[in-house]
Structure formats: C-alpha cells, structure tokens
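Labels A, B, C, D and E are assigned to the chains in the order they are written; within every chain, residues are numbered from 1.
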Amino acid sequence: MIDPYYLQQLAIGLSQGVIYALMAIGFTLIFGVLNVVNFAHGEVYTVGAFAGLLLITAFAPPFLVVLFAVLAFGAALGFGLERIAFKPFRRFSDEASLKSRAMRESTLMSSLAVSIVVREGLEIGFGSQMQTLPFDYLINKPIELGPVTIVTGDVIIFAVAAVMLGGLQYLLKRTRIGLSIRAVSANPLGAKYVGIDTDRTIITTFALGSMMGAGAGILVGLYYGAIFPAMGFVPGIKAFVAMVMGGLSSIPGAVVCALLLGLSEGLATTFISSNWADMVAYGFLIVTLIFFPQGLFGAGRERV
Amino acid sequence: MSLLEIENVTRRFGGLVAVDGVTTRVEAGELVGLIGPNGAGKTTLFNLISGFTPLSAGAVRFKGEPIQGLKPHRIAARGMSRTFQNLRVFPNMSVFDNVSVGAVGAMGQSAFAAVFGRRARADAISARTWEALERVGLGGVAEDLAANLSYGKRKYLEIARALAMKPELLILDEPAAGLNDSETADLARFIRSLNGEGLSIMLVEHDMNLVMGICSRVVVLASGRKIADAEPAAVRADPAVLEAYLGVDE
Amino acid sequence: MSLLEIRGLTVAMGLQEILHGVDLAVPERGIVAVLGSNGVGKTTLMRAISGIYSPKAGSILFRGEDIARMKSHEIVARGLLQAPEGRQIFASMTVLENLVIGGGRHGLAELDRVMALFPVLGQRRGQMAGSLSGGEQQMLCIARALMARPSILLLDEPSLGLAPKVVKSIFDLLAQIRSEGLSILIVEQNAKAALRIADRAAVMEGGRIVIEGPSADLAGDPRIVEAYLGGHVH
Amino acid sequence: MSEFVRGRLVPLLVLLVVFALVPYGLAKFGKGYFFQVAQLVLIYALLAVSLHLVTGAAGLLHLGHAAFYGVGAYVAALLGTEMKLGFLWGLPAAGLAAAALAFVVALPTMRLVSIYFAVATLAIGQMIHTVLLNWVAVTKGPNGVMLFSGITLFGTPVKSPIAIYFLVAGLVALSIWVLHRLSHSYYGNALRSLREDDQCADAMGVDTVRLKIEVFTVSAFFAGIAGALWAYTTGYVSPGDFGFNTSILVLAMIVVGGLGSLPGAIIGAALLILLPEVLRGVGDLRNVMVGIVMFVSILFLPRGLLGEVSALSLVRRGFGLKWGAAPSDREVGWR
Amino acid sequence: AETVKLGYQLPLTGNTAQYGQDFKTAAEIALARFNASGRIPAKVEIVFEDSRSDAKEGVTIARKFVDDEKIVGVLGDFTSGVSMAAAQVYKEAGMPQLSQTASHPDYTKISEWQFRNITTQAGEGPYNADWMVAKGYKKVAVIAEQTDWGQSVTKYFADEIAAKGGKVVLTEYFNRGLPDFRSLLTKIQREKPDAIYTGFFYEDAANFLKQMKQLGIAIPVYSTSAAHNQKVIELAGADAEGLSLTTNFLPNSPKPEVKEFVAEWVKVRGAEPGQFPAQAFDAVNIMLEAVVKTYPKSTRAAIRDALAATKDFPGVTGSTTFGADREPVKQLSKVRIVGGVFTPVAD
C-alpha cells in the first residue's frame, strides 16, 4: 500500500494541474486560430473573476447563475478583445506582411498592451489586494476520500474542464464551425478561397476561448477565495507552457501537459521544496522539448 | 568517378515507398533531366541528395565521398546547391540580401569577421552577389523586397541565390513552372549557357520541350522506381515512359 | 448578358497601383483565358475577383450584382470558386478534410466525382495535405474548388507543376465541365493549351488588358505568337 | 545632401545628444535625475539592441533575456564583494559568465524553432531567476548583493555622476557599435535568412544551429555587460529586477521601436523608459497611459516606430559608403 | 514661511500597490494633523512618487528627490530591495531616509543616513520563540516567504528556539502569492510539529489558514506582525481563528494617539488599520518631529541628526527610540484571533 501521504500529494498536484488545464484549453484554442500568443488571456481570466465578484456582491445569485453569467460575459469580452487587439492587424493582407515577424510580434504586443491597461485599470478601480468573497460561495468544502482529502472545487473544476475538453473536441472534429476554425488556423488565406468567413470564425474562437478563460477565472477565484488583479499571471504562463509542451495544436495534449505540470510542481514541493517547484516544472519542459522538439503531441515540421 | 553517384537509394514514409532503390549518377559537366508523373518521388530524391530527408537505405556520393547523413548546409558547402519546387525566397529581405545569403553560405562569414574583419571579405561577397544578380538579370530590382516580386522573378531569384554559391552541381526543382513558352525558352537558353560554362545540372521538369531540348540524359521515375535512363530521344520513344508519364505524344 | 463582367477594375497595394482599369467579361458557359508574362497583374486580378483584395475603383458584376466590395465568403457563396496561385491548401489537415471544407454546404456530395477525376487523391485521402507532392497538391487545390459545385471556376495557373498527362486530362476536364454548364476564367502560362480550349482570350501587360478577342484570332496573332508561344507556331 | 542627412547626420546627432547635450544639461542644471534617466535609457538601449540581434534579426522570440542581464549583474556584484575584484574585472567577467551560461543552455535547445524556442527561453529565464532567488549560499537569495565599492579605473575612483555617465555611455556606445557591425553586415543577412526560412537558409550553406548558438551567446554577453553596468551604477542587485517582466519590457522595446531594426531598438528603449517618467504627473493612471501609448503606436505603426526596411536603408546609406567591388553606381551591400 | 518638503517613495501601482496606498493614506492623515496643529510656522508638504516596487524606478525617484533642494528627508520605500537600491543614492547625496518596512539586515548598515521604523526579526523572532517554548511547543515547523524578510524571519527564530532547547523540524520557503499551500501543509503535517511559525503577509496568511482547515490540520500557528491586518479575518473568516501573532500596534488600545489614528483611518477606509499603516503613520510622525526639532534650520544633515536622536517617541506602535545603529527599539505584544478579532493575550 502506498503511503497515504504520497497519495494526498498526488491528489493536490493533480488538482493544481486541472486548474492549469482549465486555463490552457481556452488559451490553446485561441492560439490555434491565429498562431499568436494572446497575452491578454490572463486578464480575461481575471476580469471574469471580477465580473463574478461584482455579480455576487450586487445580487447574490445562485452559483450556477454566476457561472453562466460569467461565461456569457467572457464571450463578450473575447469579442471585444478580438476587435480591439487583433482585428486591426489583419488589415494587411500582402505577403510581406503575412510572413513578417514584425507584424506577428506586433499582435503579440497589442495584446500585451491591452493586458497592461486592463490590469492597471483593475488595480486603480479595485486596489491590488485580494477581494473578499462571501464564504458560502466558495467551493472549498473538504471531501474525504479515504486517506485523501480534496475539496468540492476539485470535483467541480475537474468536471468543468472535462466538459469543456469534450465539448471542444466534439466541436472541432465533428462540426462545421470546428472545421472552419481548424481551416483558418491551418491557412487563413486558403480559408477565404473556400468561402469561410474568416472574421466570424476568428471572433467565434475568441469568444469561445475567452468564455472558457473567464469561466476558469471565477471558478479558481471561488476555489481559492482569492480574486485580485494580478491573479491571471501565473496560470497564464503555465497555460502557455502546457500548450507548447503539448504541441500547440492539440488541446488534449495541452490538458495532459497541464496535468503533468501540476503534478511535477506538487512532487517538487514534496521531495524538494516549494520555492524550487518552478525549477522542476520548467526543467521538465526543457527535457520534454529536447526529446520532442515539436511538443509531446505536435505534428512534425512541414516537408520541404 | 562521377560527380554525383546515387546508389540504391530508398525512402519510405510509413507504408509508402516514395523512392525505391534508385541508382543513377551525374557526370561532371552533364545536364541531366529527371522526369516522372506527379508523386513519382522526384522531389523526394532531391531532398535525399541534398540532405533534407534521411535515407531509408542506399548511398549517395558526391565527388567520390559519401554524403548521406550530412546536414544540408554541409552538403551545400561541398558544392551542391538547389532550388525549391515551392518557391522559398526570404520574403522580408531585399533581392540583394536574398542572394547574398547564398554567397555568405558558400564563403562563410564569422561573427568575429563581421565586427573586426577587413573590408576585402565583404567586398568579395558583395561582388559575388552582384555577379549572380546580373547573371539572371535582377540587377535592376536589387533593392526591392523579395515579397513584392512576381512569381517569375522569384524563380530567377532562387536561381541567383543558388548561383551565388558557385556550386559544382546545381539542382533545380521545376524551374520552368509558371513561365510561359517564350519565358521557358529564355530559361532553357539560360540553363544551357550555365551548363556550357561547365556547371553540372540536374533538373526536374514537367515541360517536355525544355527537358528534351537541353538535357543530355533523362532519368524517368514512376512510383519511386527508375523506369528509364537514356538519351532524350530514346526516352521519348520508350513505351513505358509514354504509358506512365507522357500520355499521347504531343 | 455576361455571367461575370469586370469594368474599370483598379487595384492598388499601398501607394502602388497594380491594375489600371481592367475590363473583362466571361459569358455564361464560356471559357476565357488570360495570358500575360510574369508580374503583369494576372494574379492580382484573380484575387480581386475573389474578394481577397478590395479594389480601388471599378466594379465586378456577377449575374448583374456588384461583388467588387463583398467579402470573399459572400462571393464564394454565390458560386464563384477559385483554385488560387500558390495552392493555399490546408497543409496540416488531411486530404479528405481539405475536400470536406471545400465542399462547404454541399459537404461530400461531389466527392465521388472528384475522386474519379483525381484517383491519386483517393489513395492519399488520409495523408496530411502538406506532405503531398507538388503536383498532388495542385490536384487537391483544383479538386477542392470543384467540391463546392461552382457556377464559375477561376483557375490561376492550374497546370503548374503537373505532369503532361495530367495537364492534358485537366484541360479535357475543363471542356467537359463547361459543357455541363460551368463558366471558366483561366490564367495560364501554357498559352497553347489555354487558347485551344478557350472561347475568348485576353492578354495583359502592365496591369492593363491590351488585346482581347476570340481565342482563335489570338492564336494566330503574330504578337502573341512572338511573346507567349515561344516564337513559333506548332 | 539628403544622403548625408539620412545616413551620417542621424547617428551623429544621437552621439551628440549622448555625449554632449545630456552631460551639458547635467552640468548646467546639476540635476542627477535627468542623468539617472539617461543612464537608464543607455543600459536598456544596450539590452534592447542585444535582444534585437536574437529576436529582431535572427527572428528567435526570446522571452528570457532579463535572466542573462541578471547573471551579469550578479557576477559583477559578487566578484566585487566576495573576491574584491573591481570594475575592470567585473565588467568582462559579467559578459563572459552570461555568455558561457547562454552557450551551455543553447547547446541542447537551439534545434527548437518558432514558439517552441520561445517557450524554451521563457523556461530558461525562469529557471535562472529561480536560481538567483533561491540559491542562497551563492547569490544570497532574496537578500540580494550590495556592492559598496564604486567604480575604480586603474586605481582612480570614478565618483562624479558625470564621469560615471561618460563611462556608461562610452561602454554602451562601444557595445552597440559591435552589435551594429553584427547585424548590419553579411553576417546580419545570414541571421535574417534564419528568421525568414531556416530550412532554406540551411540549403544555402548556412549552419543554422551554429549561428543560433552564436547569436544567443553574443546577445547574452552584452546583456551581461548591461547587467554589470546596472550593478555598478546602482550598488545593489536583487533577483526581483531580472524576472519575466523585465524580459517582456525589453521585448516590448524592440517591437515598439521596430522589430528587426537596430535604431528602432534604441528608440523603443528610450520611449519605454522615458514615457513612465514623463507621465509621473498623471499619478496612478500613468501605467494605464503607458499601455495606451504602446497600443496606439503599435496600431498605427505595426512595423514599429522605425521599421526594419527603412532602418536598413538608412544604415546602409550611412555607414556603408560606396561598395568598392561593385559597379560604381551600386550602393547596395554591406561592409 | 516657506514650506518644508519631504519625499515619500512607495508603490502606488503594480502588484504591491495595496501597501503603498495604505502608506499614503497613513501619511496623509499624519500630515493633515500636523499641519493643522501649527507646531511650526510653516506648512510641511510630502511629495509622493510611485516606485512600483521596481528598483530602477526607485533609484530614479531617489535622484529626483535629491535634486529637489527643498526636500530635506525621505520616507520609504516598501520593499528592502527598492529601499536599498535607492539608499545608495541617498548615501552619496546625504539625504536622511526612513523606511517604514525595509527589514533587510543590511539596510541600516548602508550608511548613517538610513533609518527604519520596523522591528527587525532580531527582536521579533526570539520573542515569538520564547512565547512558543513557554507554551510547551518544542517541535516547530517554520515556513516563510522567499524574500529577504522571510530569510530573517526563519534565521532569528531558529537561533533562539535552538537556544531554548526547541527544535525546528522543517524549514521551507515559498514564493509570495503562492495560491496553493496544500502540498506544503501536507508536508508539514507529516513532520507532526507542535506548532508552526510563519513568516508571511496577510494575504498568504489567509490562504494558508483556509487551506489548513480544508485539510483538517489542527496545529497552532504563530506569526509575525506582518500578518496583523483585519484582512486576514475578512479573507479567511472562521478559518483564521486561533492565529497567534506578535505586534506592536493594538488598534483597540485606549491610548489617545491610537484612538485618534484609528478613528481617522476608519473614516477614510471604513475598516481598522493593521500593523503596516500604523508603522507608516509613526514613521511620518517621527520625521515630522525631526522637522519640528530643527525648524527653521531644517537641513538634510540637521534632520538626520534629529532623527538619530529620536528617543521615546510616543507612536501608535508604541514608543520608539533609535539605537546607535539607527534601528528602532520597540515593545511587542501578543495577540490572537479570538471570535473574529485580534485580541491581546497574556500567553
């Protein structure tokens, strides 16, 4: 029999991983369609949490209402974000621009700029401290599974992540809109020639991805009972890492890697020390990339 | 000793045998054509020779030395340069800079030399670049961004870049694609003049006028196998080639 | 009335004007070929028709409706499909997925017919499109356009990279689908073959149409023979 | 005339500002503040230009540059405090240590391409930062290192602000000159080919992996130099200054200035250091304003304030002079 | 008469802005009270500059303050890192600097111009250790945030507890803002310590305590004055119950100066102040006192000397005296969260 101590640590590592996964799903979806890193995804997560907070303090609706309202809000947020930070850069359709690094990284910077404005704005509006939440909304009631203790939030977040992943896989593999998303991601110009409304597809993807990001924000906010303007930063980076480790285009891959990342951090705390956990997680990433230069589930480079 | 010897070269992709035990060679000064139906394995064979795809089996020797397993840039440094079927110019660089990369690749330029080096080296690279540019007639657009060139000019740009390396063997993958008949005729003259200066050339082409008109020998692939290797006239008459590739004679 | 009628089309990239008032018409069930040497603006014209570039001036009437400033997907929805230069296939998706996407709302209705035209694609249906050979990709590109049951097909250098046998079968195919009611606008470097199947042809130079007329006339025009047919009539 | 204006005058003006106007202002107003800001601009300009080499020219998105800056700062500070080695030792040692570390981490990771490379550098940066923060025995961990000994050149202490400023400006100018030679030369062309299409560059005989390792190392060297300058001008280094945010700040500088453009990197550094200072007046909103200015500049000039193409032609005309071996009317080329 | 100017560098934006904003409010309360009192025939003005807890901004601000000849003394910064980077400038220029929070052991060693108004862990650590040993807790686990402050938390505590025959069974650091302490908690639990000594700020404290409850771990937790903030109770609710800590600020103390400060603070913020605002409030007042003592000859050097001579200054955090090393000597008291309030306790 394994020492329950290790079981408990595994469970904690996994629950950490599920949180990263929740964030990574939306992040990967958005990266997929435009092939640019959306630096503002962390802020969508944060704003989602703050929207939930405002809703709770103002109307105190039931939990599910909060969740769905935040999802809807997230979708709207994604729409706005795409319009402001990404769409303007698609006005250049000549080849030099399409293949230019400068143009690609400028989109990255526009999302960074938006994220700065949003985060600083939140700090001015709410202060940078953690916000207090009504305790009955928190999803952290302990559940004992034999020697292992988890909390309600672990179950909820796991369920939500599973539903998101399943739903998204179905959407991408089985539906027309999913096929369009993949087509735009593979070749945006080609997509125009086959009659895909690329703008709408991109906006839909942003709305979907941001919806998931905002949902993740409020869930994790309620899980830890901690909502503050900088909360999106760490999960944002971890989601980015998980996505790349998984091979960019594969959402299940990103999820698996997010779990691995969470686990490796948990194990690092167990066997080494909490402050070295990052070292282990990033070391793990580097080793993975040395052996799988295209991520664990990535496609190879195109042929010459 | 031949310039390039290809021996029993095979390449498999999963279950598909893209190149299947091909043996042939290119003599110094020769102009060899490589033809075959779409998907016959021509580009794959070029990738095998130039080091982009590892061999499943067989051997490739260049100037008598085995080159399989070498990185593309090592092979290029030995004097073999190539163009690509899907044009691959450097879009956000000027035409001049594009071509200079070939010269730099061949002549080498270290970080140290770039900072403290003498002017002579840069001048030599510059001269070589101009020479290649003038050779293909792109001198006038040297400062334009490559992305703004039309398709045809890009083809010449690729050739210029390869020429700037001063190769001994030039490998051209469908150089005439996208050119009209009179442009193709110009290209044919151009390739022949290159060959006349002693450059060995191997080219893939679907334009039979070009291939039959300038090649001294034609190799035919079909489904990865070599089905003919002879003078143009003989290939043109080969029933197997007619069947697999040419269809009814034009 | 012509199915597709282009009037005074002017296209500019940034400050540089590339097309200067192009007029061209494609009749119902007609094949029109556009010839011209490299860089005269043929592809630009094709892109403008498909809504990739938005023109600076002029109009493009399709069945009498001006599509010049429409989005590309609206244009495709009207049955105007293109097999573009550079192929623009979805490299990281399988051959079959490429065709499904090409089918649009028709889905896979046309699959059998298209597969019959390009049997290679049938053998490679599960392969990533990006790993196909150049010619196979070109076939996929044309096949993808056909999947959507176009009423007018725009082909930008369809014979590029194809073996002579396949080129021949493609031109045969064009003649055949025209007889089924399709119109075709084709840009082609293989002027001989293009003039053989086209009803009318136009020659572009420097962003303008300089000669336009029945293809038979053009095939005999000494200027054309000199410039595009390699200097001698076969 | 116009050629002269475009080519010679601009760099001359910049040098004039750096070496004459700013010191003059300092002497005249006696303000340490302007001088401090100018010094900061210089250090960040060096950081930005060294990142330009990797990310702008060679096109490798580098998200961990600040870590090498940190390594340089720590090496200089630790040598100064623990080994009592002065500035003249600390400066090159900082560069070399950062370069050596970059070389070691580059060996296994430089085969990576595009975003995989980016995330690997992110990880490397974070790992180095973690080590700086937690390896208490060597780096003193979160306590940071205090460097009491000021700058001493050949036994003479350099104490006055103006002297320190001239020293920093001189070193930065020299470093940027080296980076300029690397990026504006045929070597630079090879780097750019790597960015445009590494496989094709390979076919042209360019050893892409070696080139990547080389520029990564060189860039880290100059980041290390910048670190040493920071350590010596501040007197105290702590891990917080070398985190992900600093890497992103430097990246923002080169993108806003014009990715691929060396003068752009300098402009970007000046902008993003000066802007928050200029905006001090608007109070708490100032960082929101920085974000907005950044966004607007990117929106209207997505290729940056001074885009690569115009920067290249400016530099080429300016420093390139005539191309000896080329026909005399040709002006294109590098020297 | 001419106004006397003071500088205050502090993080007003960025992710430590909550602390800087608290300091600013405290300083404004102190200043308003002072200017209303008319103790000198001139107004005092404080120039606030935002450093974002960023060393390069901190140094720039320091230069700016030094340039302004009217500024005769500087308060801040928040973190030791920024305070110390700026201190180099103040040292060169001869500007008295009084930080309300910089706790790095070397901070005051930089030069005779650096002062601080925070009890260093050299005092607080042993005090806590003695307290715990007296309660019979001999096996102790220590965790602290990975900052210079956290380092000194563990160091001084461990030294004393070892001297008193106790034992530290586990020492571990974490990064400030760690969202999930459960791995760490499980690890602590495995060591079965009698008590846990913690070096964290109130937000980490709240998370730590909540997650401890979730895991059903019931081990007494001791902490420092940094966790003394109403927010702990707000954020952790009932889970904060039982947290013991040392402080030198008791908001419900009957002393008039405390009452006045708390009342003013509640007016502005709507809640009771914690330890840090109180420290800032005192720091500003100590500085103002130095201005009074030196007026009208309030030069930087005079202010420095006046600061150094501060003796038994009656602040809200108790009486303050600067030793020869420019460190404050302060009285600590013990409090525990009982029934949702910080309650002074004897043991």
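Here, a contact is a pair of C-beta atoms (placed from the backbone, for glycine too) under 8 Å apart; a residue touches a chain by one contact, two chains touch by 3 or more.
Nothing here was measured: the structure is a model prediction, and the numbers come from that model.
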Task: Could you tell me which chains are in contact with subunit A and with subunit B alike?
output: C, D
Message: Taking touch as defined above, what minimum step count separates subunit A and subunit E?
response: 1
Query: Which pair wins on C-beta contacts, A-D or D-E?
result: A-D
Query: Using mean CA coordinates as chain centres, what's the subunit C-subunit D distance in Å?
result: 50
CA centroid of subunit C to CA centroid of subunit E, Å: 75
Message: Between subunit B and subunit D, what distance separates the C-alpha centroids? Give it in angstrom.
response: 41
Message: With centres defined as the mean C-alpha position, give me the subunit A-subunit C separation in Å.
response: 42
Task: Two or more other chains in contact with one residue: find those residues in subunit B.
output: 43, 52, 84, 91-92, 145
- prompt: Can you list the residues of subunit A that touch 2 or more other chains?
  reply: 94, 99-102, 120, 124, 275, 278, 303-304
Statement: Among all residues of subunit C, those touching at least two other chains are 131
Touching pairs among all chains present in the structure: A-B, A-C, A-D, A-E, B-C, B-D, D-E
Statement: Within the complex, subunit B is touched by subunit D residues 178, 181-182, 185-190, 192-193, 195-197, 199-208, 214-215, 218, 260, 308-309, 312-313, 323-327, 330, 332-335
Query: In the complex formed with subunit A, which residues of subunit E make contact?
result: 13-18, 21, 146, 172-175, 177-180, 182-184, 186-187, 190, 203, 206-207, 210-211, 213-216, 231, 234-235, 237
Message: List the residues on subunit A that touch subunit C in their complex, please.
response: 93-94, 179-180, 182-183, 186-187, 189-199, 249, 299, 302-303
- request: Would you mind writing out the residues of subunit E in touch with subunit D in their complex?
  value: 12-14, 49-50, 52-57, 59-60, 63-64, 66-67, 79-81, 84-85, 87-89, 93, 104-106, 110, 146-148, 150-151, 173, 175
Field: subunit A partner contacts - residues on subunit D that touch it in the complex
entry: 55, 59, 61, 108-109, 111-113, 115-116, 118-120, 122-124, 126-127, 130-131, 133-134, 195-196, 199, 244, 248, 251-252, 255-256, 258-260, 284-285, 287-288, 290-292, 294-295, 298-299, 302-304, 307-308
